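Got a structure for you, written out below as structure tokens; questions coming shortly.
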Amino acid sequence: MKITYPLLLINFKTYTEALGNKGLNLAKIAEKIAMEYNVCIAVAPQFVDIKTIAENVSIPIFAQHVDSYEPGAYTGHITPESIKEAGAHGTLLNHSERRLRLDEIEASLNRCKEINLICCICAGNEKIAKALSILNPDIIAIEPPELIGTGISVSKAKPEIVKNSVESIKKINPNVHVLCGAGITNASDISKAIELGSEGVLIASGIVKSKNPEDLLRQFAKVLSI
Amino acid sequence: MKITYPLLLINFKTYTEALGNKGLNLAKIAEKIAMEYNVCIAVAPQFVDIKTIAENVSIPIFAQHVDSYEPGAYTGHITPESIKEAGAHGTLLNHSERRLRLDEIEASLNRCKEINLICCICAGNEKIAKALSILNPDIIAIEPPELIGTGISVSKAKPEIVKNSVESIKKINPNVHVLCGAGITNASDISKAIELGSEGVLIASGIVKSKNPEDLLRQFAKVLSI
Amino acid sequence: MKITYPLLLINFKTYTEALGNKGLNLAKIAEKIAMEYNVCIAVAPQFVDIKTIAENVSIPIFAQHVDSYEPGAYTGHITPESIKEAGAHGTLLNHSERRLRLDEIEASLNRCKEINLICCICAGNEKIAKALSILNPDIIAIEPPELIGTGISVSKAKPEIVKNSVESIKKINPNVHVLCGAGITNASDISKAIELGSEGVLIASGIVKSKNPEDLLRQFAKVLSI
Amino acid sequence: MKITYPLLLINFKTYTEALGNKGLNLAKIAEKIAMEYNVCIAVAPQFVDIKTIAENVSIPIFAQHVDSYEPGAYTGHITPESIKEAGAHGTLLNHSERRLRLDEIEASLNRCKEINLICCICAGNEKIAKALSILNPDIIAIEPPELIGTGISVSKAKPEIVKNSVESIKKINPNVHVLCGAGITNASDISKAIELGSEGVLIASGIVKSKNPEDLLRQFAKVLSI
């Protein structure tokens, strides 16, 4: 599954609205809109739903976290191999709701690279984003934690964070793709994000808790397909 | 899915030999033997495999861990609701490879009770087992960490731990079912465990890495069905 | 240094008001009142202040936490030996602001016993308190986390927690001394705590942030010396 | 207390040989040699010993770790303010025996800067060192964890790590001072480290467990004073 940019990456978190069949339905809507507008839309469901969604939709699927452990005697942990086997194409790492030790970020990133999983590492500010770009992840998502879930979009409330982060990450490592996230709820948040240099967005409640995710995704896809 | 005792609970850990289709096959073997001998055999697969196994076999399924979070904005965590939705009947907690804070054990246990998930809490010694029995979990599994994966069975190497733990747990809380684990590889380890008062065993590599899990499970089931 | 009951244990937390010389002064006030009323008052200063306070006052001194590590290559950790060498007589463990894994609580408690350090383990509710009493600590302090720092005292707001915890702990293990804490600000909170069976109180902001700690301690000591 | 380079930074870890009076004596030896050779030697004692050593020796003193918490209700944690008040001039952060979350490293570093504490952040490899240099710490210490405590010095066993790390850190951030560590036991390890561009060394067991730390420090100081 090829990931292309701009990328719309939907984090299902542990929301009831995106668990089980509801998550599968949301993934199917994402797939439908992705095909309709020829835009890359990826989903990050809960661990238990990865396999079913991977078997039923043809869009990129991310886990929300992986541990760095090798397969073996590590009861209760999430190996990169397990999410790969289930059909995931990549994973989030270091989300603000699941921050990691720096050595663990590096170890998990290396383990993912070994088995060809895409890593999207989250960063709460420009400095952290720059530091992470040294580790050469596929994607960095800038998400100021104080805006997550607020409906106040990072691209409008803190445009300089997005602009500066993109510029400084690309300067350090032009191979890294940069997304932004936090507070995104409408199409103009997204067009603003793209205008600021972001190669896509990481979104969660904005879609998952929307009354009409299909309509909203269609509006987003229109903006991204321009 | 009713859990009955004696219970044979197979922990798939993050072993390659029990991931994906291999895990499904092992679960099917467990189901076959369980029906053949009318013995309760449960499996604890990796998170990503819970749903597929639940859809394809009719034996009790445990997760290997859950977090205590409610559904919501908890990216990368495992809610009890997610494993329940996927078809799990219970979960391991506090395995020696995934030890937890005491307040988290209580919180996760309470969350599981709310939604009718069975909790099997692991304890490394008799004192911890007794302490945990106060929290009123469904099952406590005594596993001296130093024997896990060694092939030296707790029931033979440390029979007094099993015997004393069973007695002291039952004295504190007769509702708790007691399993033992660590180092179990053959049927005589299991008959010894039962003789010592254990209501079943928690086993991992002994089955998962066995060359012929079906044969071995059959021998175990025979002992347990007596 | 003998600890006697009723015990008034003052947790300095990381409050500025009890750091360095201010902490030493507060400890001296505690010592003065303890001698005046022949009541046992102990203090739990920050790690860096243990030695100076131990050298200058003759009352029991507790650390606020220890790790279970042996002396050795454990940079940045707190060994029981280090606080003992500095002059501490005991330590808090598992405070609501520093909760620990159950296996770590047991390991730290065992390490402290080896070198004759008194352990006061904190518990957020009766069930946890009962479970901890199985581990045979010297002291258990019941502190409902939701009342800590509120000025609403546990002994008045939740008298049944104190009463039931004392009774059920003593039933399981009569050797454990039971303190209560959270929200204690005046002498009547303390007399109520004692009336409910508590053998003393664990107090922090009530004393540390008081405008006149000496007056307040004197009032407390009067109640405790009856 | 001004820190100058080359810097010899001695980590006392939680070694018995450097606890209490033994730690004070070792610090006094360090001070004596530092004055004799006009070389900067700093010590990182256990938390409980910082104040006494700060009161008795005039060399820079580091804590081995700090938490990022503000002064307040954070029982059992180490605030930057507490080590500063005790007389420390700086702190180690993210030592291989106390690795931290990336967001915590940033937060602790910021907190230390606010109150003028020097931060020496440890990195296990070149990539991590480069990433950390973006955060603009005062010092980065490269220590391949696999060599720590082995007596096989990083400067001889992995000279390219030292050389490359120094070059790439300086390229990203010329303000960062670079130390190396792990396995250093004799003066030639240190001269090699300096030759490779390191501005000093971080050493622990090499000194602390030496039979004659004074002699050894004298040899080190000679090399560093050239």
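Lettered A, B, C and D in written order, each chain numbered from 1.
By our rule, a contact is a pair of C-beta atoms (placed from the backbone, for glycine too) under 8 Å apart; a residue touches a chain by one contact, two chains touch by 3 or more.
Source: prediction; values computed, not measured.
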| item | value |
| --- | --- |
| Any chain that touches subunit B and subunit A | none |
| Centroid comparison with subunit A (C-alpha atoms), farthest chain | C |
| Distance between chain centroids, defined by C-alpha means - subunit B, subunit C (Å) | 38 |
| Subunit B and subunit D: spacing of chain centres that average the CA atoms, whole Å | 46 |
| Multi-partner residues of subunit B (at least 2 other chains) | none |
| Chains that touch, pairwise | A-B, A-D, B-C, C-D |
| In the complex, subunit D residues that touch subunit C | 11, 13-16, 19-20, 44, 46-52, 64-65, 69, 71-79, 81-83, 85-86, 92, 95-98, 148-149, 204-205 |
| Complex contact set, residues of subunit D against subunit A | 94, 99-106, 124, 127-128, 130-132, 134-135 |
